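Quick one: structure below, then a few questions.
Chains here go by letter, A, B, C and D, matching the order in which they are written, and residues are numbered from 1 within each.
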């Protein structure tokens, strides 16, 4: 079981244009700092947050208690002009976990209701669960794209890769998030390395570009991400011949 | 003429894995804070930055001098574990401007060269130019999606909208960036409101969702974005019947 | 026993002027952000950091493990242009704890040695210790000073209060830090409320100003500070007649 | 004429304890980030902010227009749970400038009035003024104190130096702020280098410690601070025999 938390800014849309539209630069700074802040607070407790749509973020929260969520929620409320509501859900697939988290929160009213504020809605908690993360990147993007074509062309290309990965992983109940550069993190509990390899090949066939994936499996997102990074390094350094390599935390509890 | 700046973290990829892979949460915090910081510094001078790929960001920099760029570059170098290089370019279309900015920087060596550091490469400066920005959002997304389907499903949908907008605007030499929630900003100097309306209709036909676009035209990105926001508000409040509405800064110099 | 951590920026002085003096604004931003960051990370684990001299900060770290310290240290090293070393010490008085923490770190070489880097020096850990914090503020400062005299005159006055408190508390092995406005936090394990009251009276006699102190006693700094705040509120609201009031965490382990 | 801005958080004290006392760590993070943010925004326009009491900060604002102040004020209001009011004043001495700035703001009501919000009170603007800054530090503090005595003992000593400098400079209409480590910045328009030297000697006589001062004189705080740093480096490197050295911006106006 993976545990996920949906973090939603309360009544954000209306706030951004009241009494008149706030400067876009201020909103961008606010959103980026809120994300960095939540990342810091979840990571200090073994979690990992993805910026997603910024006003709606998704976090892996295995091992993070309801008490900890309350602490984080209050800390944000104390330091920002906005507040956040959260939904917590567990599931066998990351898709199910975020689905349960969303449904729990939706019961409390609309994301744009002025009445719904600082809700912590719990559908389920993953006891003794695990997290599987695939860190995927593009082979040789710097030479092939960054140093050769325009910055926006590279950006477009990375987004095309993203779109295919989104579509294919979705079929497996797996999620994927862009994390900067040519890097993606897929939350893929239950997806076999073989299945991942097939997905990478689909991208290669469609866009003629080779991807690789380091996969980590551990009790927390923090550890799983680190193992995924080490697995990716192993591929990069040629210590494994496959384009997908997995490292598991020892003595894992399922 | 629009002026754009490509901001590139020097030799970032290798740094993230030296001597061993850095914690993903630390990289996410670093990237988000660097973006917020640059947004602050460019906005203080009338500009606007888009996070793009985070290690490669694109900014509108009309009216921001080479001296100011140097100041920003030095300030980042003083406060971060990484340094940035920048390329500046002007063009009739945003695509051309970023193309020129990229090409200027690429001449100084690879983005992953340990030797290329804190370069400020100038292709061209836009004197008396202007910036046209379209702020595009999705009509009624909260009711239709956020409050109804799962957070990831909404995210997938927003990305599908993004992909079509990217493809269609590209044909006009216009760029587009996701700015959070259901919001996009398109840099679209030279694109008529009629052409924008057609693009919104293509999205509607493909995905069965109505979009609207407020357009601002001004001497700086900061002002153009504000005008675009006001134009979007005018549509939202029913003060204009079209789904695309433009407001221009008075007495504009072309 | 209270446990304290000395956080020291490695070789900071020389760094600030190499290759030439860095802009003072950049240093101020860096220092303030580093402090905010460490505060966030220690607070997430029940601690509390005081900015002290900014290049040398003191934290209460009861219940924060060596492993956690390593995590924080690495996270700073990943995101700042500087690194930090730390010393950890326990003691019956806060003075002794920070003394032991300092001595442990000093053994590894000079704060300005280019060789000493990212040291974690442990003198001692407080098992089952406790933290006593007094939150002291000035009665009616807004009316008496902020709204009446110049901002700098108020600042000078607050510093005179600070100086007397420093001198008097020092005799008891207690530390005190300015925390903004007219607020001070004294780490005062072992100091009786009567003794605190006498010290407040000394300030009153010398400067003709009334102070009050809410005292909290708990297993972590985070909790002790909250109790101190509640105790201060109790005085403010007239729920206690004394100028010093203490609240202890229930079922405390000494 | 030097121009100073008093930045005051609106109704901050009551906010920190409503509905119940906010976690001290959150307040510390908020205050430090607000200070870093204002420093960034003032520095981008040639100014310099001192944290002072955090809820009341003083900035040198020569060359920063009322329009710029409004922009900064709005940007803070958009991104923090609190708002700020500001007073702007010019004077022949820094003391007079901050006095005028304070008085202008005080006219609008109490710092703790819930009604007074986002005021920008202008007493006077310094046209063609100048800024004189002395950057003062302690000779050999690392060897003598940081590496030898406890962290808190060094802190106490630095505060004793601060107290004497405050008292002596006050007599000249000059202000002084601790800026971290063993560093102080004195705003000292109109104070001769001879007079500064005498003050450093008073500290030496009372505390048996040698100080030095680099002085910069320029049209903006940003430049004056940089010149002060260069002047301090000149003393440090033995390029001048005196303990006080001044560098002026060329072709200075008044």
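Going forward, a contact is a pair of C-beta atoms (placed from the backbone, for glycine too) under 8 Å apart; a residue touches a chain by one contact, two chains touch by 3 or more.
Heads up on the chains, UniProt names are A, B, C, D = GTP cyclohydrolase III.
Fair warning: this is a prediction, and the values are worked out from it, not measured in the lab.
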* What's the chain with its C-alpha centre farthest out from chain B (GTP cyclohydrolase III)? -> C
* Higher C-beta contact count, B-D or A-D? -> A-D
* Asked: From the C-alpha centre of chain C (GTP cyclohydrolase III) to that of chain D (GTP cyclohydrolase III), how far is it in Å?
  -> 22
* Asked: CA centre of chain B (GTP cyclohydrolase III) versus CA centre of chain D (GTP cyclohydrolase III): separation in Å?
  -> 36
* Asked: Taking each chain's centre as the mean position of its Cα atoms, how many Å separate chain A (GTP cyclohydrolase III) from chain D (GTP cyclohydrolase III)?
  -> 42
* To do: Would you please write down the residue numbers of chain D (GTP cyclohydrolase III) that are in contact with two or more other chains?
  => 23, 25-27, 29, 33, 40, 43, 75
* Asked: Within the complex, which stretch of chain A (GTP cyclohydrolase III) touches chain B (GTP cyclohydrolase III)?
  -> 6, 8, 12-13, 17, 20-21, 23-29, 31-33, 35-36, 39-40, 42-43, 48-49, 51-56, 58, 95, 98-99, 101-103, 106, 110-112, 135, 142-143, 146-152, 154-156, 158-160, 162-163, 166, 170, 175, 179-182, 185, 222, 225-226, 229-230, 232-233, 236
* **Residues on chain D (GTP cyclohydrolase III) engaged by chain A (GTP cyclohydrolase III) in the complex (per definition of touch)** => 22-23, 25-27, 29-30, 33, 74-75, 77-81
* List of chain B (GTP cyclohydrolase III) residues in touch with chain D (GTP cyclohydrolase III) within their complex -> 37, 40-41, 43-45, 71, 75
